[in-house]
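Shared chain: chain A. Partners: chain B in the first complex, chain C in the second.
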Partner chain A sequence: MPDGQFTTRRWRIVGHSVRGASHERAGTPNQDAIHWLPASSGDELPLVLALADGHGSAKSFRSETGARLAVETAAAVVRDFLKVQTESLSATKRMAEEWLPGALVRGWQEAVAAHLAAHPLSPDELDPPHASRHANATVALTDSSNSLVAYGTTLLVAAVTESFILYLQLGDGEILNVSAGGEVSKPLPEDARLFANETTSLCSPGAWRDFRVCFQVVSHAPPSLILLSTDGYPNSFLNATGFLKVGSDILAAIRAGGLDAVNENIAAWLTESTRAGSGDDATLGLICAEDAPQRDAHASHTNEDAAGQNRNGAKTGDACDEA
Partner chain B sequence: MNMRPGGELATRPLHFIWMADCSGSMAVDGKIQSLNTAIKEAIPNMQTVADENPNAQVLVRAIKFSSGAQWHVSQPTEVADFKWDDLTAEGVTDMGRALSLVAEQLAIPPMTERALPPVLVLISDGQPTDDYASGLKAVMEQPWGRKAVRIAIAIGEDADTEVLQRFIGNPELKPLQANNPESLVKYIKWVSTAVLKSASSPASQTLDSATPGANVPIPVLPESASSSAADDVW
Partner chain C sequence: MSYILKPGQQVRTETSGMTCEVSKFLGGGGQGEVYAAVVGGKAVALKWYYPASATAEQRAALEILAAMSAPSPKFLWPSELASAPGVGDYGYIMPLREARYRSIVDMMKRRIEPSFRALATAGLELAHSFLQLHARGLCYRDISFGNAFFDPHTGEVLICDNDNVTVDTRAQGAVYGTPRFMAPEIVRGDAVPSAQTDLFSLSVLLFYMFMMHHPLEGKREAAIRCLDLPAMRKLYGTEPLFIFDPADDANAPDATHQKNATIFWSIYPRFLRELFTKAFTEGLSDPQHGRVRESNWRGVMVRLRDSIIYCGHCKAENFYDADTLAATVSSGRGQNAGACWSCKRPLSLPPRIRIARSEVMLNHDAHLFPHHVDDERRYDFGQPLAEVTRHPTELNVWGLKNLSRQTWSATTARGELKDVAPGRSVTLARGTRINFGRAEGEITF
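Right, the complex of A and B next:
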């Protein structure tokens, strides 16, 4: 363990998910999901927060369930993984990068298989109104591998331990760090393939290879706030700068009124955003250091100080440590 | 506490571009008049689709090409304000120049990454007379060109369907063959309603770089869109 500073910190998780404005009009459900462990956060480390965005396309007609299974499975798999890690940080990092993505995919696939066994695809679900009403629908949902597509979803996870923070992301959505000084950065590198409605997915062959993973050792100044969101929220802003401002604004709001007051407003903020913005389901989860309100707003050094700068003005990726 | 965090909110732009062949052959048998009528009749349908999804900002433009190419409606225009001035037909078929003009507008910027996939509708009755391949290459070099919904309508049997198929770039989607005014109206209506509605949906698709056009499901044409050969006039 590094200098031990982190062991005294307490963290809390809050978050909400709202149905998209376009989903309300279409009568479709909220296909995002959010889940965290332990349920009463702040009690004990590690904390794990997971978000998922079910695709909602005609082919992924069970993606609401797929997203729920993804967050529940991921939170449990990551927490179990972290609880048994007694090796060095470098060994844990290697396992997190090389073994954990596969474990997350397998866990989700097993959960989907169990759901399918209990709720087989009905003839109505396999009929053209769901499966092939489009001229370029090429996937037949008749075998077990393709039936995963019906549950297709993204997955975003952040986990906080005493000595490091772990981030994993498959597909679109955003993860932000906010430093004690209010500087906003992205711990994970961009994935240029996530463009024009297309996303990597838990249902894709070889999905484990598409995970982006960041292992962030907390040796000096950890982030005060970590934000996870599905893409319906950032897509509601006119530009990337407007979304990044969410990070510093929320940290300021926590300092002004406390995390509970912020939590009471998240659902309303998301609802306003989807109505005036993307129309998509919108989910936001926060992992907040309990001392964030008291921290010096001008703390001098963060892991992000050495990070690169992406085209939208947010630093990305290089916050990950070599351990 | 009710101050919403973050910057300005905005709906997602959806650019819809008509690309109309105005070569001299379009003057024959009333083709250009039929096209003008079909697009005018489609505008209220487009406005209805846009009204049904206020989270997509539908912006319409048009290019005409004959001897050269130019913007017929150059500014991205809110569909509620979109008006169609009749095209006239004269000259040759410089389709490549039209594609190059589109390519310039599909670059980022002026496009943004958060836009919805644009819809490009290419309508032609003949053979390109310029280097269409260069124009198409320019379109496909742009990320939004590759991910655009590309629909082609062939007017009459002299249209070069092979070129239109290359523009579509998806073997599962064929050029729509309009051999009479009625079928042209139906295809234009289908593009401006069903296709527009699908493109304005925020539903995600699994990444599938091997299948062109997989990012936007294309609705199946209604049976009524086809007509019998006995009705053909072009």
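Right, the complex of A and C next:
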């Protein structure tokens, strides 16, 4: 996964993923993933950013790989889709809503199938001594159609083109828009099925139906900042309002100190946040309009606000003080 | 998110000169944004175009549409244009969609799960609505499941996004439709939108509603990695092939990714499958004569409603298929209604009534409507003429209650003649014939 940053003519992407504090203690890997395209130098739109949160449950013991395959496949499928759209915006919107979710699911399933073919489930993974770890996975996973569960993951995607921004989300996590004025909003509707630890998943039957899709025409006031996060980060906050404030705080920090400085601090914020908060893996990706840093003079937030305050009362914006 | 108009912002309607105050943002599309608004104390919807879409041509088209009345109340028709000082672009006023109407996309995503009866009613209303639009010499141009809404409980429909409607054959509009819903001749560039191409899009929409799948997206689509223009042109334009083409299975549904289509296809009676087959075989190759007309769809949707039966075990809706039943009888296997698609247990048929060419299942909740007893009456499901009722004390005895204002005359299988006054019932017994006035029906078991 590319950590760091990438510059385009109008937008830049930065992001990081950190292993959750509880995963560190348990010795399990970071089951989140982040990936964006273009991955190296170049300045052509579209830009695509994808995040995934592997379930990490007993049955989903390959979800680290599932999440990685999800972000890599999704970024490529969405980029390829966007590159060939020459129809009207209305037609593109409908194709994005109607066709793309199915293509994303199919792409991921095929990537999983290829991985499985190269790395069949080992006796160790299915062995009875591991049954306690894998719960009832053994019986279910010997059926090849159910082996997708081993790779189960969520998926969040945002893509920026010259004329529109596209958001797709399956499962939990957060996507925020921050306007030039610092107003924070969610482009996607809430999904009532996501509560407690329940989430929709790429491995569910009919997963394409569970995607939420928003097609946002870049009209008079496009967002200055788009923020994608797996749920390990927002779950570290006391409440939803606290996390929403992160959006405007980060924009303020970018304006005060620049995106590079913010980028250097993201991993530290996430680490602090998961230690003091959710304990879960945490991943944050930012797509920032290049005009955002140029409005420093209007920044009204303090750096301390930048990453808000988590539910245990620890500020996560310490590193941002440097910004 | 930032929108073009803000709550509380006022625009002015151009014809009546009234103030229209924006209440809230409802949704955004490729051409503009739609808001809830208030004009003269009445809640309305206001669509406001993005600058790139607020063209002089669009304005001229809207002025024509706003000057004519809606083909029926099912259309959320533009009533007048609106503009605002200081805002360069324009919009139009239309009726507000009630919250009970849900998008067909919601059904695809299983956010709503309508009954087959509601679905058949929605199909009937869609076909009837587009017949009314076409009868006015208009062409919708862009029929797809993004612009049709329906009440999942009743099947009542609403058709929105009417700003792309043009006079048929005057095909200068900007919108050529949604690729997957376009007629092949438009995708190929051989034709422009017309009532004839609308018929193809209507067939795709209906297929999608009933099968939860696109009629041309089989194995060939499943093999596509990037749905670019050449791929779309081939799939929907130059080499379209129905996924259930009886003569060519090269594009049959993919067994892994496209299971839904096959599952649903097997649930429906043969007469519906045959009409879809015609729509996507002859309808592909012969746009002028092969397309299924709105009136054909209307008739089939009514027949589908009348064919619904309930599984005696799990209560799931199933369909009576007279063609299949006749085949089992003629092959000496007796009257076999088949198995429930849901619980797989054997189905048993309820009493039926045959009236002229129609056959209606007399389920516990069945009703007869004006069109059943009079070919010249329109479909009106708000005015039942008869309903199935249970005898108040003899619970195994069922009857047909006269809800009309006319007295029926009934003749039993043994030749006894009885009057059935309004409010009275006639027992459902094999061979009983009921004269409704303009038509006679016979009860069968």
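In the analysis below, the second predicted complex is superposed on the first by the 270 of 323 C-alpha atoms of A that agree within 3 Å, B and C clash if a C-alpha of one lies under 4 Å from a C-alpha of the other, contacts with A are read in each partner's own complex, and residues count from 1 in each chain.
The rule is simple: contacts are C-beta pairs under 8 Å (C-beta built on N, C-alpha and C of every residue); 3 or more make two chains touch, one makes a residue touch a chain.
This structure is a prediction, so every number in the text was calculated from the model and none was measured.
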{"item": "Contacts of A:169 with chain B and chain C, given as first, second, both or neither", "value": "neither"}
{"item": "Touched partner set for A:246, first chain B, second chain C, both or neither", "value": "first"}
{"item": "First (chain B), second (chain C), both or neither touched by A:22", "value": "first"}
{"item": "Superposition-derived comparison: chain B or chain C, residues of chain A touched", "value": "B"}
{"item": "Chain B versus chain C as contact partner of A:229, first or second or both or neither", "value": "neither"}
{"item": "Overlap of chain C and chain B interfaces on chain A (superposed complexes)", "value": "210"}
{"item": "In the complex, chain C residues that touch chain A", "value": "1-2, 4, 28-31, 50-51, 105, 108-110, 142, 144-146, 174-175, 177-180, 222, 225-229, 257, 260"}
{"item": "Interface residues, chain A side, partner chain C - complex", "value": "77, 80-81, 84, 86-95, 97-99, 102-103, 106-107, 109, 177, 179, 183, 185, 187, 206, 209-210, 215-217, 219-223"}
{"item": "Contacting residues of chain A [partner chain B, same complex]", "value": "20-22, 25, 53, 55-60, 133-138, 149, 152, 154, 171-172, 193-201, 203-204, 210, 231-232, 235-239, 241-243, 245-246, 249-250, 253, 256-257, 261-262, 264-265, 268-269, 272-280"}
{"item": "Chain A partner contacts - residues on chain B that touch it in the complex", "value": "1-12, 52-56, 112-114, 116-117, 143-144, 147, 170, 172-173, 198, 201-209, 211, 213-221"}
